[in-house]
Structure formats: C-alpha cells, structure tokens
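Two complexes, one shared chain (chain A), two partners (chain B, chain C).
After this line comes the complex of A and B, so read on.
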C-alpha cells in the first residue's frame, strides 16, 4: 500500500523524479566504470609481475630474497625438487640461478641481473616467451642470451650480435664470456626489461663456476587463489631453518597492499559521490513535502499515523535511489562488457604504465565487492536524505496543514 | 533594474531551505575539488622539488642523445668558454660536473653491481642536498679522490664496514677494464632498496682515472633559484648550444617515468572530480527547474500585467548568479582555510601506505598548494555547469505564455 502511494507520488512530478534518478544513475555508472578500470589495472599489475617472472611460489636459501648474494644457493636442491614433485598442487616448476653482471657491447655497458633458466621448463611457467619481439626464445644452445628491448637499445646491439658479460665468480674472482643475442623481448614491465637478461642455466653455471647448483626453485600452482595454503603445506615439509618458501604475496607485499588499499579508497569515493546525490535528494524531497502540506493534513486527519507518513517519504526516496542505481548498473554493464573483451588502449601512457608493469591495454574487472558498493550507496544515501524532509512532514499539525497556502 | 535584483534576492530567501541545500551542494563540490586538486598538485610539486634537489638538479647540460642512451662515448670536455657562458646566466645558482657509469664492486667476500655517480664534492653541495643524506661516516672530502659513499644495503651485501676498501671494476672510455681500489668513507639510506643496494658516489677525479676519461664528463647539473625559471633557462641554453650538439634537460626529460606517473594520477583525479561535479550539476538543475515551475502561476500573472519574458529570464539569471556567488565565496573561504592548514602542516603517512609511496619513489607525505589556479579552475567548472543547468529552466520561462502559466498546476 505505502509503496504504491510512494510510487504514484513520484509519478506526479515526473520531471523532478527523473532528474534525481538521472543524477544517481550517472554517479553509479561513472563510478562503476572507473572502479572496474582501476581494479583491472591493479590486478593486471599483479598478474603481469607473477606471470612474466616471479611465479606463484619461490623456494630459496634462507635470506636470499632480501640480499641476492651469489653464495646463498640451495645446498641440496635435489631433496627439495623431490618434495616439490610430490605435491599435487604443483602445475610446473623450474630451477633458476640469479647472478649479477655487466653486459658490454662495443658502444656501451649496462648492469643487469643475468638469470640462468632451464629453458624447456621455464616456458611452461612464465610468459616471457610471449613477449619476444625479435628472434627466438632460448633453444638450449651454448652461451645464447635473451635481452630486453631497453637493454638492446642502450647497448646499441641487435639480434645475432655478441655481448660480453663480466660477472663475479662464486669464489670472488671475476670472469668474462661472450654471449650471442638470440632474442629480444619487450614485457609489460619496464623493470624486467631493464634489469633482467636470460641465458641457459648450464651456460651461467660455466661462467660463474657454479657447478651443478641453483639459487631457487619457482613453482606454478594449479590455483593461484590458494597459493598461501600451498605455501604453508610446503613449509611443513621443508626445513625452514635452511630454506625460505615464499608466495608471491611475500615477494611483492606492496603490490598486494596496494590492491587492498585501493579497494578501501574506492569505498570512500563512493561515499563522497553518495553525499553529492544525497544533497540532491534532500532538496527534492523537501520540495515535494512542502508542495504537499495540505495533502498531508488531509491524510493525517483521516487517520494515517506519523510513522506511515515517515515511511512513505522514505520509500519515495528509496525508490528514486534504487531506480537510479539500477539504471546506472545496467548502463555500466553495457559499457563494461565490450571494454572487458577488447580492453582500453592507453598506449599514450605506455612508459608510465610499463613502470607499473600494467601493459598498454587495460581490461576492466569487476567483483562482488564492487557490485555491492555500487548497489548499496545510492539507496542508502537516498534513505538518509529522506530523513530530514520526513521529520518536517510528521511535525505538521493536521488542521494547520490543511489551511496552509 | 533595481527592482529585478530585489525580486531575485527575495526569491532566494522565499524558500531558504532549498537555497541552503543547493548552496551546500555547491560549497561541498568546491571544497572537495579544491582540496583534492590542491593535495594532488601540491604533492606532485613537493616530490618534483625533492627529487630535483636531492640529486637530479633543476637542469642538466648534456651532449644531445646522452640521456636517451647514456654511453661514455657521448661525454664531453667542459671547456672554459662553456663554463663562462653558463656562469653569465643570472638565474643559475650553481652548477657542477658529473660522470655517470656502471660497474661491479667487489669486497673480499662478495661482489655486487653498482651505478656510479662521480661528483665534484665542492660544487655538488651547491646543486644537490645529497651530502646531507650521508648518515654514518662522512661525505667525500675535497682531496680524497679514492673515497666512496655507498648505500647501507650495499654495505651489508658486501659484508664490509666504513673504512674498508673495495675494488671497483668498470669498462672505461678507451674500452679497457678500469680497476681501482676505493675506501668507503660513508653510507646513506634513501629508503629505495634498489638505490641503496646499487648506488656508489665517488670523487670525479677518481672516476676520471678509473674510467680513463681524459677530463670528459657526462653531464653538468645546474641549480636555479626557482622551479619557475626552468623553462626560461632551458630555452636560453638550448638556443645557444643546440647547434653545438648540446641540450639542456629538465626533470621531465630526466625522469620520464615520474612525469608519466604524475600524468596518469592526475587524469584519474580529474575523472573523479568530473563525476562529482556532474552529480552536483544535476542537483542544481533540479532546484532551478523546480523553483521555476513552482512559480509558473506567479509568472503568468506577471506576464499578464505586462512584464516581458526577457525580464523574467533576467530575474532567473540574477537568482542563479546570487546562488553561485555565495556558494563560490563560502566554498573558497572554507577550502582556502583547509588547504592553508595542510600547507602549514603536511600530513605524514605511516604504515603500509607509507611503504607504498616509497616504493614508487615518493616521500610518504601529503602536501598541498595554495596556487590560485586550482581555485580558478574549480570555480570555472562550477560556473560552466551552472550555466548549462540554467539552459532548460530558462527555455521554459522564455516559452511561457501568461494564460498557460496562470492555469498551470
């Protein structure tokens, strides 16, 4: 009954109702899209870092993640490999060596991390092979090297050219060797492009006198969502006084924090836009209350109690907010679907985006929290906005109200 | 005319609640936009200034192409005439020579990569404040050519202490591998772990020997009296030296990632404010439209006694002007107050958010600016949006006929 009356009241002044509904709809729509884009951006940032290089879980000698010292290799990698092999959540794994070197060409030199990888296993773990723009991925040949586009530009070298790697040895001496550039990559992360070059683990072991040793085992799990649980399972089986088992959250904690804090920031932004709409709702409800003073007088004198009148006005506002939200979300959805498929091309900011390791094309993402935010803000704001006008209405005296002009 | 103004003023007060709420929407929008823009722009400016003064310098004078692709082959010998020209520019506070290179640092137990910044300790203090960041030990002395300052993290990774010697190995200008012993005289900690683990500061004369530079340098870092002088001095130097193959670079050239980061953040801020202003504009439109349709009977009577539509239109416009004028004044005063407070008391961030800022090379502090442009641009937008929201109500007034107005329900 009350709902019906409320609905009819809204229909009485269609233009006014429409404007409020539109303002709520525009607010919800714009925030929906904005939120989806920024969420997509941060998630891409995270997944790019993991996919291109980090992987879900890393196992190192204790302390290696902080200091990357050449000497802290895995003292017995075969044992760990066996443990890893026996876990059913492991999709693939691979072993790596992380060393530091100066790469020299005839023109220039750069400091990079030279990563020795098992090329045939690594290709199942990381996506670096997808980002090769010239030449090929490692083939297993001796002393071949994969470098980033930025490194290639700095060294002024191209495919097939030779570079000299100068590196510290395991025993502290310095050794050099010639490497052939087999491929050049451009990943979504400028840090990876500038800092990492890849070679076969055997070539690197030769260069730095490393013997048959490795620094880390990286693991791709079957389900990234459960990575913390998998990490804890591994910790139970591995001697943690000697080794460290790190999930990606432990390796790049800041990015994870950023994802979380951006979610809470978005709640604040929703609230602020909600206040903007709320002021509009107060205004419009107040006007409609004052327009109908006589009517309220009549309603009260025929026995409608204060609570019902209060409820009726709140319903009116609630309907306005809900219809606006509904329209906004439908509109947002219509824009979101093609954007999430084709992506939003932001190549203009490629350098800034690459620094964030986002990639040039952003694919918006939504989740339950986002939809909940979008669904709740406007109805809540409109109910709050209706309180003051409805208090005004129930304070009326029936007789005076009927005579009001 | 006077009567028109009076009428408009009374109309505003006739329904003071509505006017007040509309006003508060305008004030809310202004305060929020000014505060947010102020914080954004102020924090950018602060960070730009900090990184400029820390080490980058207001301008750097380099051989063209060096910045895009730093190679020892793109270095130059700073001759006397060049130095003379630079010292004649009155906006320049000071300048200093530098060499940048990469290398490998080895201690007895370990080796690590290094980015070498070779500086002239005497002149450097006039350009950057890096020397103040040296915590333990001391800065490089004037005559101590083979002293270096390294990051705390590097000290730990190399397993050495202040006073120990390390060997630095680096490819020199002539293609040979330079190889010298250096004594660690001090350490610093900037908070960026990569930088603290890689940066080595040394005396420019030491680097000259290590790299066989024959007095060549990579860059001249220039400091100016004010950020605002950057474009002018940059152009002055470029006009003089471009033909000789040299360029002046400002922070946007030297730190393109910082520039793009700021642009990206800036855009997201603008989008967000745009949404807010749009929502507020709907509120203004609603109030105006209601206050006009509510008075159609009144307007009908006015028209019937001979007042023209255009005069009614002017009344509406003056009402709107009153409203936004009050809104703008109140909004500006409040937002100036808030901004001024933050300007004097920058907000220090802590915890995870602070770490996040540092990770992106920002200091964990929120600053603001009192730059007049953030006020004018916000106010401009409010005015533009109000004008747009006035169009439809104004159209209704112009089309109104007296009899229809009188009978309007």
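After this line comes the complex of A and C, so read on.
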C-alpha cells in the first residue's frame, strides 16, 4: 500500500515527475548509446588490427617483436609447428617472414615492411583479401606483390606495374628484386596501408637469401576471449629461453589499455550522470516534501512511524529513478537495434577513422553488464537522493508540521 | 478507569523571543467512556491541551500519564506506536490523504498498524457501513463534501479501536446540520462502543452535548463541570 501511495504521490505534480523521469531517461539513453558506439569502435579497432594482420597469437624468436632483426628467425620452426598443430584451440596458423625494405618505383620510394606469407594459409587467417580494391589476392606466382592504396599513391604505381624491392640480405649484403603488383588493398587501418606489403614467402626467401626459414608463426584461435589462456598453454610447451609466445594483448598493449580505460571512463560518466539524476531527485523530493509537510504531520499524528514515512519518500524517488532508467534503456534499444544491424555510417570521416584502424561503418556493441549497471546505479542514485528529503520530513514534530504554512 | 492524568502541566511557547504561557499548571484526569469538551475562547490553550494529551507535543513542565505510564521518557517510535494503538485523531481540516480514496484512507490507518490487506479491507468496508458512508468508498477527498470527509476521518480515527478519540474543532468547517449529524454519530459511538471522546471546541452544538465540560481561559482551567446525561 505504501508503494501505491508513493505512486499516486508522483501523480500529484505530473509535470515535475515527468521532468525528473525524462532527465533520468535521457541520461541512461545517452550512456547506453555512448557506451555502445565507443565499445563498437574500440572493439572494431582491435579486431581490425588482429584480423587484418596481427592474429591472436604470434610465436617468434625471443626479442624479435622488439627489434625485428632479420637474423632472429625460428631456428627449428618444424618442432614449433608440430606443437601448434597439436593444440585443440588452434583454428588456423601460418608462417611469415618479415623484412624491412625500400620499395622503389620510377617516381618515388617508400620504406615498408615486406611480409612473406603462405598465401593459401594466410587467407584463412587474415581478412586482408577482403579489402582488395584492385586486382587479386596473391596466387603463389613468383615475385607478385600486394600493396596498400597509400603506398601505390606514393609510388605513383597501379595494378600490373613493377616495383623494385631493396632489402638487407641475411648475410648483410643488399639484395634487390623486381615485383609485379598483383593487387592493391585499402584496409580499415592507414598504418597497415602505409607500412605493410605482402608477397609469397618463397619470393621473400629468395630476395633475402633466407633459405627455408621463417620469422614467426601466427595463430588464429577458436575463441579470442580465451587467448591469454591459450598463450600460457603454449608457453608451457615451447622453449621460452629461445622463443616468445605473444598474445595480441602483448603486441598492441596500447589498444588493449584503451579498451580498459574506456571502461574506467564509463564509470566516470556513470558517476556524472548518477550525480545529475541525484541532484534532480533531491530537488524534486525536497519540493515534494515541503509541499506536504502538513500531511506528514497528520501521518505522524495517526501513528505512522519515521521508518514508514522514510520508506514512502524513498519509494517515490525509487519509482522516479526506475521508470526513467527503464525508459532510457527502452529508448536505447530502439536506437541501438537498427544501428547494430545497419551500422553507423561515418564515411565522411573516413581518413580520420582509418588513422585509428576503424572502418567507415561503426557497429555499436552493447554490454549486458552495462544495462544491469544502469538498472542498479540509477535507482540507487534515486534512493540516495531521497535520503536528505526523507530526513527533513521525519525530523519534524507532528504539531509543528501540522501548523506549517 | 483513568486513561489520562496530567500533573502540573505547563506549556510555554517562545515566539520571537517572547514567552507565551499556553498552559499553566494544569491538573486533569480523563476516565474511560467520557465525552468531554474542552471549551474556551481562541488562544485559551484548547488545542495545546489536546496535543499534549495526544502525545503530539510535550509539556514544558509537569507530567503526562497515559494508562498510568509516564510518557516523558518514551522515544518517538514508542509514542508513534502509542498513538497508533490507543488514540484516534479528528482534525478541523479533516486531513485525509488526498491521493487515496475514502476506503483507502481508512485502510491506511490499519496498514500502518500492520494489518493484512484482506482483513483491513473487510474491516474498512464494515466500518463504512456502520457509519452509513459506504457510497463514498471510491471517492477521493476532493470529490467529497466537508461533512463527508469528516465522517471518513471519524471512521479512520476509530477503525483501530482506540481507547480515546481526540477531536480538535471537528465541526468548525461544517454547516450546522452536517455538524449535528457528525456529533450524533460520535455520541452514538461513545454510547454503544464506549469510546472516550475529548473535543476541543467553542461550537455551542458540541458544548451542549458534553457529559463533562472543561473551561479554559489563558491556559488555566477555570471550570470543570460534569453533567449527568
């Protein structure tokens, strides 16, 4: 019955209640959409980096990830490959060679990382083939090369043109070779487009006199969420005095930290919105309490104790906060569902987004934990907001309350 | 049985630094089944006396006993409980909860006491029938006349079977006919249910029905007359 009275009390001043409910709803809605878009954007940044090139796990010679020295190759990659093959969590894997080189055209030259890949395996691992805008993916032909749009622009070359790659050789000498541009890609990351070019591993092995060696084995796991556990399992099986097993979190810690810090930022935004709702509710409830002081006097006179009066006011605030939160979440879902299906097209900002490895279309992602948090935080903020007005009400003496004008 | 005893009760209000003696050394006992009217001119201390008897206010000096219990050391919570279980209140301005219907207003008093929904609904309907106000059950205070509201307020006051009902100027806002009907109702309850009533009033209709009349002037009892009615 107290809840019924609280509910009806909210209807006494519909406009005021509506304003508070709407402010809570708008707060929750803003939080919902902001979180969904930023989560979608960061996850897209992360997955673009991993899917286009990095992969979930890399196995290198110890220190290779830091200095990328040509000589730091996997001395017995067959043993490591066998270990990888025997892991249940491995979806696909491939071997790579990485070489710094200067790529020259008739007009210009650029510094790039020339990646030698097993084209038939790599296509199952990475999504670079999805971003080819001219020509085709590698076919295994000798000295074919796949370059980024930005590299092509800088070198002023196009599909079918030839470029000369100049690279240090394993023995320290300089090697050069002519490569045919078989494809041009434009990935979601400008860094990848500017820095990475791909060729078949045999072509690069020939260029740098690498024999049948590889620098790294890259792995796509069956469940990216468990990648740290898989990494640790591999560490137990591989000689870590010679090799390093790196999860993507180890390779791009900055991005992972960004993801974590965005969660911390959400806590701050929660707090700000929570405080906003809190102040609105305190204001509303104080007005409501002062309007009803005589009534509280009557309630005290007929024997209603302080706790029940407190509870009645808290119920009112709780209802305001809960309805607002519920409305905000419903509104959020209404906006979120089409956005998650069709995406948020930001192609106008294409260049800027590519700098952050984000595609032109962002697909917001919602975390159910966020909804649960909102369902808790806002009503709790409302209850906290009701405490001060409630204390004001219960501190009154019945007679002074009834005389109050 | 003695329900209330006031011993040397004084009440001094301080208003803008000026002390006002609302009650001055009052000694008074109220017994079970009385139908008492506290009368006197405005400012004589009638409402203050009722508030002190009803534990809504505390005396500046003196002792108040309710069924031989000194209430001076009772906590706020205990006084709430005492009012809930032993006392009923009727106010000049009716003071029903505006968002509740007549039935719910009566139920509300029982809800505070912790009576279960089914029981309190049945009891509220029963008391409304007894008082002939069942047709008001679903009306909110703003849909009722002053007399109707005051009858609902009477029902609310007696629904928890109090030992005593305190009525502060209950007829002040009612026309003569409605006021008389209300007084008939309370007199009937005093007679049939032995509920003790204490009124504060300067309404002649109320005073005429008193079994005991206490006259106050400037915070002093100037006369205390018992009638054999």
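As a working rule, the second predicted complex is superposed on the first by the 405 of 405 C-alpha atoms of A that agree within 3 Å, B and C clash if a C-alpha of one lies under 4 Å from a C-alpha of the other, contacts with A are read in each partner's own complex, and residues count from 1 in each chain.
Everything below uses one rule, namely that contacts are C-beta pairs under 8 Å (C-beta built on N, C-alpha and C of every residue); 3 or more make two chains touch, one makes a residue touch a chain.
Remember, it's a predicted structure, so these values are computed and weren't measured experimentally.
Asks: Would you mind checking whether chain B and chain C clash or fit side by side on chain A after the superposition?
Replies: Taken together on chain A, chain C would fit alongside chain B, as the superposition shows.
Asks: Quick check for you: in the superposed arrangement, does A:31 touch first (chain B), second (chain C), both or neither?
Replies: It touches chain B, and chain C stays clear.
Asks: Examine A:71 and indicate which partner it touches, taking first as chain B and second as chain C; both and neither are also allowed.
Replies: first
Asks: In the overlay, answer first, second, both or neither for which of chain B and chain C A:308 touches.
Replies: So A:308 only meets chain C here.
Asks: Could you say whether A:14 touches chain B, chain C, both of them, or neither, answering first, second, both or neither?
Replies: The answer is neither, since A:14 touches no partner chain.
Asks: When the two structures are laid over each other on chain A, which of chain B and chain C touches more residues of chain A?
Replies: After superposing on chain A, more of chain A is contacted by B.
Asks: Determine, under the contact definition given at the top, whether A:2 touches first (chain B), second (chain C), both, or neither.
Replies: It touches chain C, and chain B stays clear.
Asks: Now for A:124: first (chain B), second (chain C), both, or neither, which partner does it touch?
Replies: A:124: touches no partner chain.
Asks: What is the C-alpha-centre angle with chain A at the apex and chain B, chain C at the ends, nearest 10 degrees?
Replies: Angle at the centre of chain A: 90 degrees.
Asks: With the two structures laid over each other on chain A, which partner does A:229 touch: chain B (first), chain C (second), both, or neither?
Replies: After superposing on A, A:229 lies clear of both chain B and chain C.
Asks: If we overlay the two complexes on their shared chain A, which of chain B and chain C does A:237 touch? Say first, second, both or neither.
Replies: The answer is neither, since A:237 touches no partner chain.
Asks: If you take every C-alpha pair with one atom in chain B and one in chain C, what is the shortest distance in Å after superposing?
Replies: Checking C-alpha atoms only, chain B sits 10 Å from chain C at its nearest point.
Asks: Which parts of chain A are in contact with chain B and also with chain C?
Replies: none
Asks: Given the complex with chain A, which residues does chain C contribute to the contact?
Replies: Going through chain C, the ones touching chain A are 51, 54, 56-57, 76-77, 80-85, 87-89, 91, 95, 97-100, 104, 107-109, 111-113, 117, 156-157, 160.
Asks: Which stretch or stretches of chain A touch chain B in the complex?
Replies: Where chain A meets chain B, its residues are 15-16, 19-20, 22-23, 26-27, 30-31, 34, 38, 67-71, 100-102, 104, 106-112, 153-154, 156, 166-168, 172, 174, 190, 254, 257-258, 261, 269, 272-273, 275-277, 279-280, 282-284, 286-287, 290-291, 349, 351-353, 355-356.
Asks: For the complex, which residues does chain A have touching chain C?
Replies: 1-2, 4-5, 8-9, 11-12, 294-295, 298-306, 308, 397-399, 402
Asks: Which positions of chain B touch chain A when the two form their complex?
Replies: It comes out as residues 15, 17-18, 21-22, 24-25, 28-29, 32, 69-73, 102-104, 106, 108-115, 156-157, 169-171, 175, 177, 198, 256-257, 259-261, 263-264, 268, 271-272, 274-276, 278-280, 282-283, 285-287, 289-290, 293-294, 352-353, 355-356, 359.
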